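Both of the next two complexes hold chain A, though its partner changes from chain B to chain C.
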Partner chain A sequence: MTSRWDVERFGIGPMATPRQADVLLVTGYVSLKTLKRIIRTYEQMPEPKWVLAFGSCTVNGGIYWDSYNTITNLAEYIPVDITVSGCMPRPEAVMDALQTLMKMIQSGEAGAYKKYKENYEYYKANQDRVLRKTYPILGEKLIQNEEAATSIE
Partner chain B sequence: MKLSKEEIIDLLKQRGLEVNDLYPTQISVIVNKENLINHLVYLKSIGFDHLSFINAVDFIDEGEFELVYHVWSYTNKVHVLNKVRIDRNDPKIPTIVDLWEQAQFYEQEVHEFFGIVFEGNKDLSPLFLENWLDIPPLRKDFDTREFSIRLFDAKPNGGDR
Partner chain C sequence: MIEILRVFLFGFFAIFIGLFFMGIGRKIIARIQLRLGPPFYQAFLDVGKLFSRKSITHNFVMDLGMVMSLAGLVATMLFVPIAGHTAIKTSSNLIVIMYLMAIGYLGMAMAVAASGNPNATIGVSRALTMMLGYEVPFFTVMLGLIIINGTSSLELIANSQAGSILNWNMIKFPLGFIAAEIALQAMMGEKPFDAMIAPAEIASGPMVELSGKYLGLAFLTHAVSIFVETAIIVNLFMGGASNIFTFVLKQFEIYLITVIIEAVFPRFKIEQAVKFLWTVPMSIALLQLVLIVF
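Take a look at the complex of A and B:
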């Protein structure tokens, strides 16, 4: 995204704060601590807003899929408009994704932020399930956990 | 006064410790829990002024944790690994914060990820994990894959999403 690639020729540029931004790029694996901050950042952005998930890690966990502290699918917690797979994706892939996103916005396909408002309970339940655990996931209180998990679904 | 690695090995052997020569600038010493503070004070007095790190190893089959105190000397140019074994069912060891202040963070981290209690350390609050309710995650009996599958619905090989 630096001068070598010169994304400004496509009308793309970094912004100082999420309150001025249109697109949120989530680059790389998301730990629980990061997820909390991503949600906070996302909810601060004014509408209309879009999310670009970058790299394999945000799609299915990538090489960190079995880590105890890394979420596996970002789209369960915030609505994702477009994903760029690869580990790591090339800068050209990001530029291509942003241009595709522009076309999707023109055609009206990209509107995941509306989905977030409509299905807020679903996203909120998923967020709370991982961020506000009230019982150990493994260990002696296992049965309670399974009951709670089914009740959320 | 600069001591060579051989001189240090001799000094430690005279104190009745088991010393292993690992690399040109690295040796390891096996210490018992009761003798640890004494031993580290002695090392500090002969020029080992820098505590680089504390790490723990979980020997689950032997029922023990091994703590390794990495100590480096800028004058002697020797790195000493001080290995202490403690009981896994009662993981307690005296703190060394009074000796090296930076041990505060290392002890907090080891406590967070292995559940080892550093007696005398006033602040063993978590540094990295938030709202952690399971057993400490770097213990060998913690199944990180099962945890990820249950909490995050992780799928091997990416599933078919």
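Take a look at the complex of A and C:
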């Protein structure tokens, strides 16, 4: 965030890679192609890890609630620890959410990454259900080729 | 037994002082940018947090390289005289120090090359290119000081500046000090010479694959490197010190200059940085060398 709000005074700072991150901020609406990247980023983060869903779009779709290529509830695909509603939320709201998350971590409430491991089938089924839409439109043959290619790797 | 404990004490002291400097440096940068900044002990909290996290390793070479980079710098630190105390006494420690300091960077290069991330490889190739850039002017300055003192022992060079502040090499050879100071900026990897880190461009370069404990080790390595590099400058140009407190204060003055430059400058591209280091500080250092020799 900018120097006016200065999150560094709470010891919070942006990191350039998921390997160094503790908290994943999902800011704004999540299209299907973004979801693929979000899942990949989330799974690359080392444990313990937390997710902060930011804005109305990640809670119920916001103004994209009936769009064909955005998801409406992020918590169905990756476990969300804390959400900030609003469109857009103020920077103060985000800082408040981060501090609430710190308190939750200290009291042991925030442990959604454990849920992801326990209920992986549920999350994986939800992810596959929507991500199927992002496959090429030219039919099953391409998908089979892609799967064959990944299995060779 | 006492000797081994002494060596450990030196290592822990360097790490502690380095982390303390890093915390204060972050606070100073924040104040320059009109922010409140983190508390001064933030670096200790960060390292504590990183060591308590799970971390992802790619292979054995990565583990080995990270430990090697920290061990190489701690080994360098054992040869640096701190206010008259040296863990391992030798008669020509300046050459040993400059030789051992490269091992830290080579260990880091080995670790990140093993991780296989292209960003990390770009970062390390930049770091090694930068090393080529800053070592030439820095060695030229050192050569001048070795010629005039007739010795390559850091203790003797530091002792030769004893007495008043006018005996300091900083006052006697101001051109050499300026050249060494610019080279130090590159040695520490601070702006404008931080092309190897460049978070917005190559995702923090060598550190891109480091998670948890590995990033913690990288933090400790950086802390020791801050300590070693400032200590060399203090011994070469500011006459060492009679007690440890004065020595750390002098080191902090050197680090403060670096941090203030870091806070206001943008970043050089790697070829610009090497070109700059081989022209401006290099010509200043050569001029100083000519003035010393003739």
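We take it that the second predicted complex is superposed on the first by the 132 of 153 C-alpha atoms of A that agree within 3 Å, B and C clash if a C-alpha of one lies under 4 Å from a C-alpha of the other, contacts with A are read in each partner's own complex, and residues count from 1 in each chain.
Note that in this section a contact is a pair of C-beta atoms (placed from the backbone, for glycine too) under 8 Å apart; a residue touches a chain by one contact, two chains touch by 3 or more.
Just so we're clear, the structure is a prediction, and the values are computed from it rather than from any experiment.
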| item | value |
| --- | --- |
| Touching partner for A:19 - first (chain B), second (chain C), both, neither | second |
| Partner chain in contact with A:131 - chain B first, chain C second, else both or neither | first |
| First, second, both or neither for A:32, with chain B first and chain C second | first |
| In the superposition, chain B vs chain C on chain A residues touched | B |
| First (chain B), second (chain C), both or neither touched by A:46 | second |
| Partner chain in contact with A:106 - chain B first, chain C second, else both or neither | neither |
| Partner chain(s) touched by A:9 [first = chain B, second = chain C, both, neither] | second |
| Complex interface listing, chain C residues touching chain A | 26, 30, 33-39, 42, 45-46, 53-56, 199-200, 203-204, 207-212, 215 |
| Chain C partner contacts - residues on chain A that touch it in the complex | 3, 6, 8-11, 15-17, 19-20, 22, 46-48 |
| Chain A residues touching chain B - in the complex, by the definition given at the top | 32-33, 36, 56, 59-61, 65-73, 76, 129-139, 145, 149 |
| In the complex, chain B residues that touch chain A | 128-131, 133-135, 137, 142-156, 158-159, 161 |
